[in-house]
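Two complexes follow with chain A in common, the first pairing it with chain B and the second with chain C.
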Partner chain A sequence: MRTKYFLALTIAVLMGGGMLLFANPPAGSGSISGKITYTGTPPKMKPIDMSKEPTCAKQHTTPVLTENVATGPGNALQWVVVYISAGDQESSAPSQAERYDQKGCQYIPHVLPMVATQELQIYNDDQTSHNIHPLAKVNSEWNKSQPPGSPPIDTKWEKPEFIPVKCNIHPWMHGYFVVLKTTHYAVSGPDGSFEIKGLPPGKYTVSAWQEQYGTQTQDVTISGSENKPANFTFKVLPY
Partner chain B sequence: MTLKNFAVTFVLGSMALVTVGATSMRAQSHVNSVDPSLGAPSVATEESHIDGLTGHAEAGKRLYRRYCIGCHGPDGNGEGMNAQWTDPKPRDFTEATFKCRSTPTGTLPTDDDLYNAITRGFVTTNMPSWRPLTPQERANLVAFVKTWSPRWAKEKPGTPLTIPPETPITIESILRGRQTFQRLECWKCHGPQGHGDGPSAATLTDDKGNPIRPYDFSSGSRFMCGTTNQDLYRIFMTGLDGSPMPSFADVVKPDEAWDLVHFLRTLQPLKTQEASLWQTYKAAHGADIKPIGPDAATGAQ
Partner chain C sequence: MGKLFAVVVAIITIISVAIFVMHTWWMPIDVSTNGPAIDRQMDDTMIGVGVLFLAGQLVLAAFAWGSSNTSSGRKIKIFPGGATPLVAGAIILVGLEVLTLTFVGSKAWGAIYVAPPPADSMRIDVQAEQFAFYFRYAGPDGKFGAIHPDKIDDGSGNYFGLDPANDIAARDDIVVGSLTIPVNTPIWLTLHSKDVGHSFYVRELRVQQDFVPGLEIPLHFTATQTGKFELVCTQLCGLGHYNMKAYVEVVSQGDFQQWLKTQAGQ
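After this line comes the complex of A and B, so read on.
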């Protein structure tokens, strides 16, 4: 009786482990890190006039700047999505939902990467109505009103795409949903740095995408648990 | 030797010609797969089904070339010869994004939705009513319009919105609707009096970046997607995809939606039951009515 019980338990544990293995490829310990920089003169980001929306304007002590070319010290370029565009194994979307906030009449984060079919929750933290309008082309475009105090909008994107997001009521609000096939991605920080972790050994194509300057790629080979560098430089124009 | 060379060139040349010919034939017509001589097309997306009528894309294509191509263009992308003179711009069928739907935002419209749009036309645009065409011809056009985007082969239209019976038209309903108009900030685009002159109105663009005006209720014209109270209910609940008008289906309950419909009717210069109730109320309580807009923080009453 007892042996039978243990046998059943062992089988159950083994099967569970097996399913976990099948659901996602073995997490590697290799990584790719680097810095995103620019050459040339970047456009000046303009201060946003929020005076038409006092509930948002009063949340900011200093003027909020547009973010389409966000730069930092040392020619750093922020909000660049770096991801594995080829060589990655098929993997299912994480069960954890991504969160996107409308706060102070801004999209936070400005660029949100996620995996296709991963759950996405969109919150309105403001005391004003927003209409969230993802201008999808590959996926289907939709447009929903979200007054203050509404529950988050639960959604997901089926296909990989760079989707611009806008609010028609507050025309300065502008962001991106970056829907990827891979779970291996990173976004460059204010200092331009990024790190893609958990890579198993393999030959990869790494892509870096910036909303105004497009995509660049590099080939990187990872063997074992090493860290490989990959730096990207975007040519920018002042207009 | 020369003869051999000539023969090789001739054979290769004719092969190339055949290939080019086949390719250009394919390019000429993207519905070549629908050959009337082969019987009825089997692909559902090349048909439309409207109230017992079955529309056929191949027949629709001939009508499109006669009546629609001038604005919607030979590629169906809304870039016809007349497009530069029209505002708002003709629909780009390759995106399969449509304003007037009975289905939720982000989903394809039903065949009936497209048929009704062709029949009715769009009152505030250059799109006329196509009632002069027979119902069968309009059904054929619906079938053809659906061949421009691969979405029609992969997706089904959304489930049409259920519209519950209209609630009684009372002054209480109108006043609640007025509060909803304030709370949902409809006035940000449509203006406090519904004149289409709200603080965000001047900045509005459609999904192609072309300027677009919010509906001006004081124009007294029909609505873009119909004339009845039900049409008005449907417009703000489903939203007008491709335009700045969002869907309110997730944030407005059916009773609230009818209240809003009753209030919106008072903004029109028409002799409706709603308008006369509102005029009577305004005559008696004019001083107590708070204006709609940014100053009415807690909702107008």
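After this line comes the complex of A and C, so read on.
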């Protein structure tokens, strides 16, 4: 009887230890937040003509614009990925899958950040065929057709990379998969704001990436459960 | 059996000819100055081959009927001189017909594809790519910006490869996904292809011209009626070929100027 208890206890201790060893480090309570802005005159985003695809065109009541330099009031810059590029602890990808939609002949969201090896599900919500083609260079490149009503494509990216995405049927469709090593990231909203949460104390390098204007970095030190500001300003050109 | 065959051949022949004579499935309306010559050529061709078809099939039916009774032991007649003059005669007859149609048709064809576009034509650039058409107007300055294929970037809407940062003429170029043209105005298109062979085909305008990557191919026409027509790709160009189309909007001069102004403001 005592042997049994002893065995059970040993197993429990081993499992607990194993969980401590292999599970993600305990989430911290520090955070970094700020606003992404631009200086200069941004290029005019161009209206997209979808008349050849009536099932998509009728989903939009206002003209759809290109999104490569998406701006908002107060010089806000949207779709900028802010992430910890150095100083973060190793952590495994979240078990929840990221979702990417092809809807109204657009990619939603325009920029989708995720963690390497995290599950990715790609849906076709349109009444037309799409052929999604992520132009990967570090990971392996592929393209897949999805007729209307197809099940989602289940996939994942093995290595960190900024991958432009296009549709082989609708040339105006354009988006990005941003595959990161870190689980600490955020995307700037229409007002340019972002917040990276759950950071344990440490010295970090924060990077902000915009698809047309590249990457900027800042060093931020977090001690305890404080919120540190980090603002980034991109210089934009009208053409 | 021979008689039944003769009757079936005759019935099929008469129904087939009737479908054409009655214009059961005929061409769509013609809204182009090219149209009348093309349609006349089409009619001439149809009448030429139609008469030969009708005659050939009815003669076949008559022979089948006539020689169905093999028991009478009639002597089989032979074409004078045997098979060689028969075949030679057929080749000359058909050859003459083809040559005549080519000679007469070359005039209609040449008016579209050989004659230079009228000097007062409005120029529009066309870019074909898998699987869409894009159209470029010179904009308020009346000048087209230069094309740099290395700058083509569909994601930012730069379908033609313009360089507005360094090329002032390119800044006001209007690039759209539908072809809007004024009525009764000669239009001079320059066809470019980004990737593979495509084709510009508008049935109502009676024009069809291939795009060849690396070539700038001119095409001109004048629309004579307002309306919305479909432009389709008629050269198999890849998996989305079935979906490669655009619309041609023929509008009045006033509407066109208004449209240009709206586009230039965007």
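Rule of thumb we're sticking to: the second predicted complex is superposed on the first by the 220 of 239 C-alpha atoms of A that agree within 3 Å, B and C clash if a C-alpha of one lies under 4 Å from a C-alpha of the other, contacts with A are read in each partner's own complex, and residues count from 1 in each chain.
In this text, contacts are C-beta pairs under 8 Å (C-beta built on N, C-alpha and C of every residue); 3 or more make two chains touch, one makes a residue touch a chain.
Remember, predicted model here, so these are calculated numbers, not experimental data.
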For the overlay on chain A, clash or fit between chain B and chain C? clash
Contact-wise, after the overlay, does A:Pro171 reach chain B, chain C, both or neither (first, second, both, neither)? both
Check the residue A:Lys46 against both partner chains and state whether it touches chain B (first), chain C (second), both, or neither. second
Under the stated touch criterion, which partner chain does A:Pro190 make contact with: chain B (first), chain C (second), both, or neither? neither
Answer with first, second, both or neither: which of chain B and chain C does A:Thr66 touch in the superposed model? second
With both complexes overlaid on chain A, does A:Gln212 touch chain B (first), chain C (second), both or neither? second
What is the contact status of A:Pro94 with respect to chain B (first) and chain C (second): first, second, both, or neither? neither
Touch check for A:Pro54: first (chain B), second (chain C), both, or neither? first
When the two structures are overlaid on chain A, which partner does A:Pro147 contact: first (chain B), second (chain C), both, or neither? first
Does chain B (first) or chain C (second) touch A:Leu237, or do both, or does neither? second
Only chain B stretch among 1-9, 37-45, 55-63 or 199-207 with CA clashes against chain C is 199-207
Overlap of chain C and chain B interfaces on chain A (superposed complexes): 52, 128-129, 131, 145, 168-171
Would you tell me which residues of chain A are touching chain C in their complex? 43-53, 66, 68, 128-129, 131, 145, 164, 166, 168-172, 174, 212, 237, 239
For chain A, which residues are in contact with chain B within the complex? 52, 54, 128-129, 131-133, 135, 137, 140-147, 150, 153, 168-171
In the complex formed with chain A, which residues of chain B make contact? 95-97, 105-107, 151, 155, 183-185, 188-189, 199-200, 203-205, 207, 239, 241-248, 250-251, 294
Complex interface listing, chain C residues touching chain A: 129-132, 154-157, 159, 164-165, 171, 175-178, 238-240, 243-247, 266
